[in-house]
């Protein structure tokens, strides 16, 4: 049987990325409270294809994933990408994993604990010449309460579920849990899976006392990230499912504390979380 | 060329429905304010396939849609379905159109007008022996404010964007606009595309003065639908994108004011709007 | 603090369902190969609300889920629903779990094994007077190859990824793996996560030798389900992402081998998998 | 009433973007065959917020859209953005419109005409100092047939629906229809809404005669775009809904024929089409 992918190609065009997308895969990731947790990721993995090859060998991407048996952490991604580059004879490889990550969270007054899902993204990029780059992303639901609505009204204030998405590049290891905590401190109130009456009173009043615009949330996160010496680059977005409108409010800040050609190359191919969409 | 679809089939099995789904199609629908409006529908259309046929002729469904040039109203759906049944030699046909429908809406204080989208569903069913059945659906975004949060807190109250979905079967013609208005009266406040400061104050205070649970919204709609003599059947659902949780609150009521085998048969195959999902 | 939900309600309206929807939750389910597997479910749980109550206590739904720590199997769902009914003082409760379920699958020629995801639905309904009802659903990707395209063309035949969705009610225990296998036998070819060249040749030729219309798939599944004495009711749907069209082909069959008022009541509230949608 | 948004802010942080997202809006766009066509867009519009302002005035974005009454073309976007910048006292504004665009398409043999939807993106960026930048995007469904599967099999070849996404920046005006045509020539076969038997035979055989990998499609488009002197930058992606796998194949090429700081700034904030996702 012929190896069609290895046929020569005369168009002399490098394909920036070729690979497999949207594999639903069970993974085991590191967890501060329990050491590891089992979850399910959607995985995209691809390589650069040099001009001389007609095609890549798609089945080898799946074989690489199988070889680590779904144990994928921030620390073994460089190794996975190196293996991918070697198996597929390519100078560059990029991987993205998106998965729900579960944190036990205690209600603010009663302290009853419950399981809370946030969305996490691991994006790893590997270049044979320049080295490895890693971006961590978290998408965290929070409560936001509108300062304008509060100030102009005699009572009440519109508030809503909002999603803050934060992508960071860092020098020293960072816990997902710490990033989530940072984000929650920048909103009107954190969100909890289980609230008894005393807790509900607390979060209602806390949000009313802490009004924030979309602009405030991204500025608050920016202040924290600028002060955090581990962070070399970040991008923060917030999307508010406005309770008084059918459209959403959006704000975004990106800052490079240290420029690098490797990060630029990574960002050129970087895909974060999908656009948040409410399907009707 | 052989007509494979017309080959005989010896399995002796009626296929309840076979057809084409998810055609994105420009349509012109009736509109109370402007007579007609142009929008884009996702269309599903299918027929019953008798045991003697191996397959149906899928291209004829598209041909039927083309023959009305996208002019699809509540009143010509029976004719479209009759044509479909005849062209495809079938005793039963069913069609669903889902589309955004635009209403000009005035802000509550300044009266500034703006365009507001709600989701509409037309579901038509036609049986050669029993006749025609039609279900109209609307999906309307509203504000809901939690009665419990308001009562137990010294100030503030959590509120959120909610979606009320109402399906009705009726004897006399009903305007989409009237159903939307009915639904909006059952929530804490209606939603507007454009609000100036005076308007924002109004909707904030109105919602605070009108707290409703998910349970209240469906009960309020139920009262209205029970009192409306045009309505013979309805189903109402509400989904609240809770601002203090990452999950949603849901409530539902269905009532048959008049039972009929035709409606039962229609409901057995009825697909309403897709499940509301916030994609992260 | 007042218990607002326990306030009396004078509208005299039963709410058919009220509860929480779309909780993303880590679960452990039974697995034929490995005894259990960890995955992530989206959970909907609700109860009937009697006319005398103003509202239900939403936090108790989450507490019930927490009490089983995510261990949810076909066999403990009745117990979970009983607890839910009791905690929420309701005569009826209904739960739906939708989750990816992973099966190790061997390539047809090389026998290389890899992880394959199908979608599973558990829908449980419990009525204090009538008892328990359970529906199992599977959504399986398969290859379909068009008999008409094959017969009328000198070479080639269009084929595509299709999704077969099968819901069943049964008397004796059924393995998810067996239902998946039944479905795969009714298509042109099964789908595999990892195929080497010999395997790719096999599936290409197998599909070409086994052309099926959407109508054939649902009829083939119908024959199997009618012959299976464990099955008392089923509904099968197939959706083909046609490679020569931008719309999809659809077919559906439902059969009641044994009618029961309990199943009818369950089906009236039953929500299966979401509508398959390709988001662009 | 206080204008809270105009309060001073002491954090000294520019917000890169703040605005409203996901407004569903009826629009009228230019069309080569009929001069104009009515469709429905999802619109995102935002501005840069200078450090001295606490917030932006969200309602003004909606007012700007209303002022053009939904008539949005490639040529009036600079004017819309200028108005947005002025109304919101900002040096930068960015808009994105995503909408289905309908083309009448004739079947390849019978020439029967039918309506075909492709997805279009208009992305406009305006900077008070540097000027205007525009990116046009099209997302086109095509058929792809696998060269490897064809070569190694005695008969048949797997094929599938694929989506090619092409973003371009150009100097002279380009018709959407021409870009779509370019893309279709790079695949195994174009897709049609309505095919009679003779047409189905044609597309089946045409695809079998024209096998392409994902890599081939993006290389073919690259050749065309490199040769087209109007194009100064492009990015092409293809996603194949593989008929023999449950995951997708992906390939991507981006080329800068002319670098410009304005384009770089635009791309930093550019959001293309959402990630293609098949929701199950």
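Per-chain numbering from 1; labels A, B, C and D assigned in written order.
Basically, contacts are C-beta pairs under 8 Å (C-beta built on N, C-alpha and C of every residue); 3 or more make two chains touch, one makes a residue touch a chain.
The model shown is predicted, which means the values in this text are computed figures rather than measured ones.
Visitor: Enumerate, in label order, the chains that touch subunit B and subunit D alike.
Guide: A, C
Visitor: Rounding to the nearest 5 degrees, give the angle of the rotation that lays the CA atoms of subunit A over those of subunit B.
Guide: Value: 180 degrees, nearest 5.
Visitor: Which chain lies the greatest distance away from subunit B when centres are computed from Cα atoms alone?
Guide: The most distant chain relative to subunit B turns out to be A.
Visitor: How big is the gap, in whole Å, between where the Cα atoms of subunit A centre and where those of subunit B centre?
Guide: That pair's centroid distance is 35 Å.
Visitor: Return the distance between the CA-based centres of subunit A and subunit C, expressed in whole Å.
Guide: 29
Visitor: Can you check how far apart subunit B and subunit C are, centre to centre, with Cα atoms defining each centre and the answer in Å?
Guide: Whole-Å distance between the two chain centres: 24.
Visitor: Which subunit B residues touch at least two other chains?
Guide: Expected reply: 1, 23-24, 117, 148, 152, 193, 195, 197, 201, 245-247, 274-275, 277-279.
Visitor: Can you name the residues of subunit A that touch subunit D in the complex?
Guide: Checking each residue of subunit A against subunit D gives 1-2, 4-5, 9, 11, 13-24, 44, 46, 49, 54-56, 58, 147-148, 151-152, 213-216, 218-219, 222-223, 239, 245-254, 268-269, 271, 274-275, 277-279.
Visitor: Can you list the subunit B residues touching subunit A in their complex?
Guide: On the subunit B side, the touching residues are 116-117, 119, 139, 141, 143, 145, 148-149, 152-161, 163, 189, 191-193, 195, 197, 200-201, 203-205, 207-208, 241-247, 273-280.
Visitor: Show me the residue ranges of subunit B that touch subunit D in the complex, using the header's touch definition.
Guide: 1, 3, 23-26, 37-40, 59, 62-63, 66, 70, 100, 102, 114-115, 117, 193-198, 201, 277, 279
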